[in-house]
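After this come two complexes, each holding chain A, first together with chain B and then together with chain C.
Entry: the complex of A and B
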């Protein structure tokens, strides 16, 4: 187990280096990317630009620049070219909003995805299953930005069914109730797609597992229908769902929630990433990339560990 | 006379499919007494597994139709509700399946799966159940049962898994043990051990056994009575000795002829029954074996009844041929001469 973790850890570090380096290379190769010109503005003289280039070490060889940037990122002194704000602080500021959004949405989509999947598998072929299938497909097909706007149009304050506040993030520590009601709409908007998708995947997993010989053995033991379903069918059908959840959750925390954060103006990390990319602002892009990669890598290691816990056949001996 | 545990009368099981009604079991009757072993023999698709699963109510489905009676100690299994069935399953009748590789849940330990069977029927705390599980594993011949109880199925070999399945099936001391092809997926060397084990435990637990197989050689030593099934029907039924010495139905001859034997001249090729079992949706009229039977004649278009035609009482068969003809015609098949020539 320890050897396995050590191996995965080394792999994780290598992935972080590779991802950050490729991001860096892409950025310095795209046209219009020269930060000195952008900072100096439209009326800048050549001397101004040369001055800025010298200050930002832009004339150094690219590997030295990369090294310098990574150093300042990890000692927390990296500043944005555009706003001169500290990158690490800005990411830290966005994390509570992003995590609140993602954890809440994750709980909703996992629990409702399982519920939907189990109901439609148990009633497979009947009306409830067909109805769920239709709703699941609609849910999967609706883009988040569209659904978010529609939800705001109907349910936000000042609209037909004024039930919920219209966007913005209230920190949990400031007012837990306001934190909750402000996030309710974003949570569901982000979760809908995943509920549909997980429901479909779980349904087909359950229908596969139900025909396994060991399920027949469990019935022949005299277990009740519900015990068979929970202990023998669901337990085995959940293994692929755990993988999906780990990776999807990591992707959402690492920036896939950009659209939801933007639609509801939550000022999370995703929104910060989107703004920095629009401004071709290299330091925050590097910061957010490392942050996102970290979550993806961390959760894929976590999924592997969970997998071994759920399925004894793949446990490292 | 020993206690009669099971009495199946004219059992019919049909599955509604898109292509029509599949008559998987078509009028099967047999009885089973405590302490006895009943062998049910037939090819794949002869309805023997469906019969066995129906005894435990495992074939119940919205597309399944049942007729007849399956009495367990006088109570009809077919009309029991789900709760009564759960009481019977594993507790009074239990089952061992064909493939021990897939019949155990891969994510629970062997011990946990045996304990589950105990605790569903009896008030036993965790430690008691675990001790019972270890004892059961010892009884079925698992070495180091104390530590093996915490192994997962994938850490067991095929033969050991089947032993564990047997331990699980015997956990609540059932009256009837149904073994559905328990040795088919195992090495030949292990097969005899498993059959012997089932036979020995039957006496220790004072149960009765239904042993289902396609291999007459497997049941030869242990079965008291044998039912030969073909296309969902019983074609011959007799005490084991009687069936081997005086087989009446051409299908039984075919099965007997296809067992390799040491006491016969060496054959070039093993005898096989030509053709395949008929469709169970549109079964041929008359004798179901007629299309494959080398001895069929005009009368075979009528369905022969299952009745006693020989001197031995209790030996029933479904064939129009006279006893003398049968005794003459079967010799080449039983000796495998047709194929060898």
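Entry: the complex of A and C
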């Protein structure tokens, strides 16, 4: 287990380096995107630009620039080309909003996904199952940003309700109630997509598990239907859901929430990334990519460990 | 060890016995069996029809524009009027009092359905452009990108999966690490980064020239970032197929690796590929919409369903149809593909069908 963990962690670090280097390569050679020119402004002289280029080490070979950028990212001094703001500070500022959004949405989609999956598996083939399948399919077919716009239109902009605040993020420490109310819509919008998906995955897992021998044995022993369902069927059907949740949660924290954050103007890390990309502002993009990849890699290691712990038959190789 | 039986009972005997009872047994290919199962799944077929209808409607956009709406997708109609039930209505309101009611300026006319004889069926946008026409033209781009990127993505995924699965060793290692690397990237972030970077000056390397506003940019970006999502499961299938006896038999008969891959392995993953292809189109249309919404996908003057929603979001209070209608188009298209893809999977993998329809 320790050897497995060590191998996974070394792999994770290598992936982080590779990902950051590729991101760097994508952005370093964009014509017309010379950061020195932009910082210097319209009326800059050649000497000005040369000065800035020297200060930012833009004339160094690209591997030296990459190394310098990674160094300043990890000692927290990396600055944006466009706004001159500290990248690490900006990411830190965005993290509470992103985590609030993702954790809340994660709780909703996991609990409702399980609920929906169990209901539709137990009533497989009946009307409730069909109805849930239809809603689940519609749920996974909607663009999340469009759902967000529609939700804002119906529930925040007075057509017909103006019950909820229209976007923006209020920190939990400022006002817990306002934090909750402001996030209610983003949580549900982000979660809807996953509820349908999780429900369908769980449904088919449960229907698979019900046919297993040990379930028949449990029934034959005279256990009640609910006990069999909760203790024998659900427990085993949940294993793939755990994997899925770990990876999806990481993906959402690491950038998939960009669209939701942008629609509701939550000023999270994802929105910061989107805005920086539109400005072709390399340092924040590097920062956010490293941050996001870290989450994704970290969670995939975590999921592997959890998996082995949940199902002892699966030994890491 | 004396046996009592006088005739040997073989499989042929069983077939003869059966043919005496029911007539000859005809051989049915797995594809025929799958088609028979699919043919009974009216819901899946209905949604396939819906998807085909959407594709046909979008393909007929130029006809609709010239024959029914009488305007192009980018034709501006500011300060013009149209006739509805014999009444002249401005395409974009000028502001002030109309028939005693106050109307704010700059508000485009809403959906007319068929009341204006095919003009402004889904309303107009702030420049007086016909939303229905733009929707169909945008649909062409969305579908082109969705289907095109699914095609490219699937082809490369099959290629990589075959190479990695069949050869293993260093080739397999390199391809697997390539999959891992893209997999570890935040997909949307990578797509936005590539999309934005490429849409500024285009791509002019390795003898490939793609202009900055080209639809090829979102198409290639989306197919690139999604390759591991198709390639990984296919590689897994090929890894297990490779150990099967029929591959060994083919190799023993002197089949070249190329032949084994093409005529032994590929047919065996074809059913998965077909299902993946359908579902990937759906997910690519959604990804394209997301990218375009963030400005990293389709670039003006081209439009897609994603850019139409993005354009409409600022006017959602005064002109909600601008954002709502393209979204409905996306939902219908993606839903039809998802439902059909599901039906296809059930038809091609009867085991899952049996389990679900217990």
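The rule we apply is simple: the second predicted complex is superposed on the first by the 307 of 317 C-alpha atoms of A that agree within 3 Å, B and C clash if a C-alpha of one lies under 4 Å from a C-alpha of the other, contacts with A are read in each partner's own complex, and residues count from 1 in each chain.
Going forward, a residue touches a chain if its C-beta (ideal position, glycine included) is under 8 Å from a C-beta of that chain, and two chains touch if they have at least 3 such contacts.
Please read these numbers as outputs of a predicted model, since none were measured by experiment.
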Contacts of A:262 with chain B and chain C, given as first, second, both or neither: second
First, second, both or neither for A:146, with chain B first and chain C second: second
First, second, both or neither for A:157, with chain B first and chain C second: second
Which partner reaches more residues of chain A (counting touched residues only), chain B or chain C: C
On chain A, the residue positions that both chain B and chain C contact, one per complex: none
Contacting residues of chain A [partner chain C, same complex]: 15, 18-19, 22-23, 26-27, 30-33, 124-125, 137-138, 140-146, 149-150, 152-153, 157, 159, 204, 207-208, 211, 251, 254-256, 258-259, 262-263, 273-274, 277-278, 280, 285, 288-289, 292-293, 296-297, 300
Parts of chain C lying in touch with chain A, wherever the complex brings them together: 180-181, 184-190, 192-194, 196-197, 200-201, 282, 286, 289-290, 293-296, 306, 309, 313, 316-317, 320, 323-324, 327, 330-331, 334-335, 338-339, 342, 352, 355-358
Sites on chain B touched by chain A in the complex: 56, 58, 82, 86-91, 94-95, 97, 99, 102-107, 116-117, 120-121, 152, 154, 165, 168
In the complex with chain B, residue positions of chain A that touch it: 212-214, 216-225, 227, 231-232, 235-236, 310-313
